[in-house]
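You will see chain A twice below: alongside chain B first, and alongside chain C after that.
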Partner chain A sequence: MNAFPASNLIVSVAFVFALATMVLGALIAVGSRLLIRSVCGLAICSVGLAGLYYFLHSPFLALMELLIYVGAVCVTVVFAIMLAEPTEPKNEEKRGPTLFWGGTALAAAVAIFWSLWWLGKSTGWKTPASRLTDGSVKAIGVSLLTTYSMAFELISVALLVAILGALAIARTGRTKP
Partner chain B sequence: MLKLLSTEPVRLLAFLVGIMAFVGLNAAYLVWVERKGAGRFQRRPGPTEVGYAGLLQPIADAIKLLSKQLIVPQGVDAALFRVAPLLMMAPALMSLAVIPFGPSLAARNINVGLLLIFALGSINVMAIMLGGWSSRNKYAIMSAARVVSQNVAYEIPTLLVVITMIMITGTMNLNEIVRQQAGAFWHWNVFRVWVNPLMPVTFLIFFICMLAETNRAPFDMAEAESELVAGAYTEYSSMGFGVFFMAEYANILLGCSLATVLFLGGWQSPFGILPGVLWFLIKMYFLVFAVVWVRWTFPRTQFYGLLNLSWKLLIPVSLFTLILSSAIMKLY
Partner chain C sequence: MNTPIYDRLEIYLVAAALLLAIGIYGLIRRRTLIGMLISGELIFSAASLNFMAFSRFTAPDPAVGRIFVLFIMGLAAAEVAIGLSIIIAVYRNYRSVKTRELSDLNG
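Entry: the complex of A and B
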């Protein structure tokens, strides 16, 4: 397997590529003035994240990330933008509040990032002796219906509420103009 | 040197080149098949001028498209406008990596192959939508809106059918699915009525959904020429349009390959002897021909008819087959 020259280097380059894709996507998502480009940034970020999942030996999770975030969430958001956004972005914005809220958000983000980093550094992570599951469909299905059944059911309740809410809004929108 | 050539990266590189050549050739010559087929169905000869029976027509078309100017119209969102065709083409190429063309002829034989195809397939919608939206054209935006509702509507029955198949086969590894269908043709999933008496119906639902997801007539709402000029592709010229066009055929190829693998026994031979790549290609091209056949014999449906078909017929039936096959699995 490792007979190919510099195979470790190729793997590292692929890892850095996934990482760079994610950071680039996140930067586009935050920095773009056009809403539609921000969504594209989110999609790119999700693709990079899927790459990182793949490096963590979870191909199932990686593909689910693609299917749900790129294929469902981003498409829905783009669809909403198509219905709502005016074509040209408004340039008339007051600088003061923008700077204030932007600075607050930046400070909060840095604080959260630093504390997470500190938590990750200072916790003594134990490496399990063997892989807990093989990441196969069967293992995921069994754990969803046994260990994590509560979370699974809660998510389905959340989705049900969302669907009911959409139905309620659509219904009142139709009867009362 | 020989040792180097037999390593995994070299094998993958060979598959990469092979798949790209396969898709390119097929996209070119399926256009020829399409035009010939259209001609025959309408009692006219189709292309005859360039080469014998018009066989060089795709090359002439390609040269024509390549020599045209790639226009990015004023007012479009240039970056998204350029990216959209690529975003349509790349997932189809990537998905073909997990299709088992023969007993040992698959670029990557991964355990979640089926999921990979659907994960990447969901990017197509995004591509057409971005193409339509960035064109800043009323027809294109209408087409993009249609594509979304159409693809969302047809993704549900497709996934329900696929879940039924995963339950029956118990795996998402495409090569394993083919291996389970070994033997004569009544072992193919489409004929295994003792597992689920509605298996042929399931195949039919999958095929219809595949037509809808690849935006083929009678469901070609994205590019309804008589209503929307060229839909999402209206503003594209030269190879921008060419790549969209090729991607459509690449997606047909992928859909037919998937139908072959899931239902028609992949590379298994119908008589139980001599399995191989040839059988896969025969079955796949038969399905491709069926796609062309359907396009030129059915008129385009109305948009409401399209959505009604999915929500009122295909989804309930596919849900029923899912429940039925799980009940049969539980009882026996």
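Entry: the complex of A and C
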């Protein structure tokens, strides 16, 4: 018997809260007309996703999700929105094509969701007999510097090239004051 | 069913499928480049959640999925940096980021 009988219930409620936060943030991100609100939706979705990572026994990845998505990606998108235009345009097209493409998008989303749900439910996923590592931060660091050192270096080069390319693209075409 | 709700693989898979579906809906439905970029980020998140769930429940080496998610995060950050600078260059030339008006190559 557990010392705290309600602890399982409390943890389940926290899990459902993280799940609901993620789904709600994603819905805000795609549904809002003001772009700044959809960036905030993306940030909320990332916070919920970080909660799910925590439940998947990986607080390190949860921290990284918060740092990179909320701290870097969302802030960058906010700057881009301030430099470009803030709102999704008013619907000046005809009603027919808008409804048609909205219906197509909804049908595609529902089809993908339903088929993935069916696939996840119907497949008998097997748990492995033994684990090679425990997946801790130490194991991740050792793997990064031994097995995946090449990919690690490639990622750092890709990030460097991306930063330089972003600077080069955003600079050209700027008129002198 | 004795396993609690947060220890079942199917819950995470369904959540990732829902996130992917929302992202694809937004990618088709959005009419500005920044909105499409945000929807793309949702799709990246769905992929990351799948990798994390499988590395927790079915992989013999849980570190592999986590490293892959770290790589996805790094590449998503690079993609956002490049994408936003392209969007700003486009806005400087066209005075708009609506996808309908960027149709010079539409013969």
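Everything that follows uses one rule, which is that the second predicted complex is superposed on the first by the 135 of 177 C-alpha atoms of A that agree within 3 Å, B and C clash if a C-alpha of one lies under 4 Å from a C-alpha of the other, contacts with A are read in each partner's own complex, and residues count from 1 in each chain.
In this section, contacts are C-beta pairs under 8 Å (C-beta built on N, C-alpha and C of every residue); 3 or more make two chains touch, one makes a residue touch a chain.
Here the structure is a predicted model, which means the values were calculated and not measured.
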Simultaneous placement of chain C and chain B on chain A, clash or fit: fit
First, second, both or neither for A:A151, with chain B first and chain C second: second
Touching partner for A:L99 - first (chain B), second (chain C), both, neither: neither
Which of chain B and chain C A:A72 touches, first, second, both or neither: both
Partner chain in contact with A:M22 - chain B first, chain C second, else both or neither: second
Touched partner set for A:I163, first chain B, second chain C, both or neither: second
Partner chain(s) touched by A:M64 [first = chain B, second = chain C, both, neither]: both
Partner, of chain C and chain B, that touches more residues belonging to chain A: C
First (chain B), second (chain C), both or neither touched by A:A43: first
Where chain B and chain C come nearest after superposition, their Cα distance in Å: 13
Residues of chain A at both interfaces, chain B in one complex, chain C in the other: 60, 64, 72, 79, 81
In the complex, chain A residues that touch chain C: 8, 11-12, 15-16, 19, 22-23, 26-27, 29-30, 35, 38-39, 41-42, 45-46, 49, 52-53, 55-58, 60-61, 64-65, 68-69, 72-73, 76-77, 79-81, 83-85, 88-89, 93, 101-102, 104-106, 108-110, 112-113, 116-117, 120-121, 125-128, 130-135, 139-140, 143-144, 148, 151, 155, 158-159, 161-163, 165-167, 169-170, 172-174
Chain B-facing residues of chain A, complex: 1, 3-5, 7, 10, 34, 36-37, 40, 43, 59-60, 63-64, 66-67, 70-72, 74-75, 78-79, 81-82, 87, 136-137
Residue ranges of chain B in contact with chain A within the complex: 3-4, 7-10, 77, 79-80, 83, 110-112, 115-116, 118-123, 125-126, 129-130, 133-134, 136, 141, 144-145, 148, 152, 166, 171-172
Complex contacts: residues of chain C adjacent to chain A: 4-6, 9-26, 28-32, 34-35, 37-39, 41-42, 45, 48-49, 52-53, 55-64, 66-67, 69-71, 73-82, 84-89, 91-93, 96-98, 100
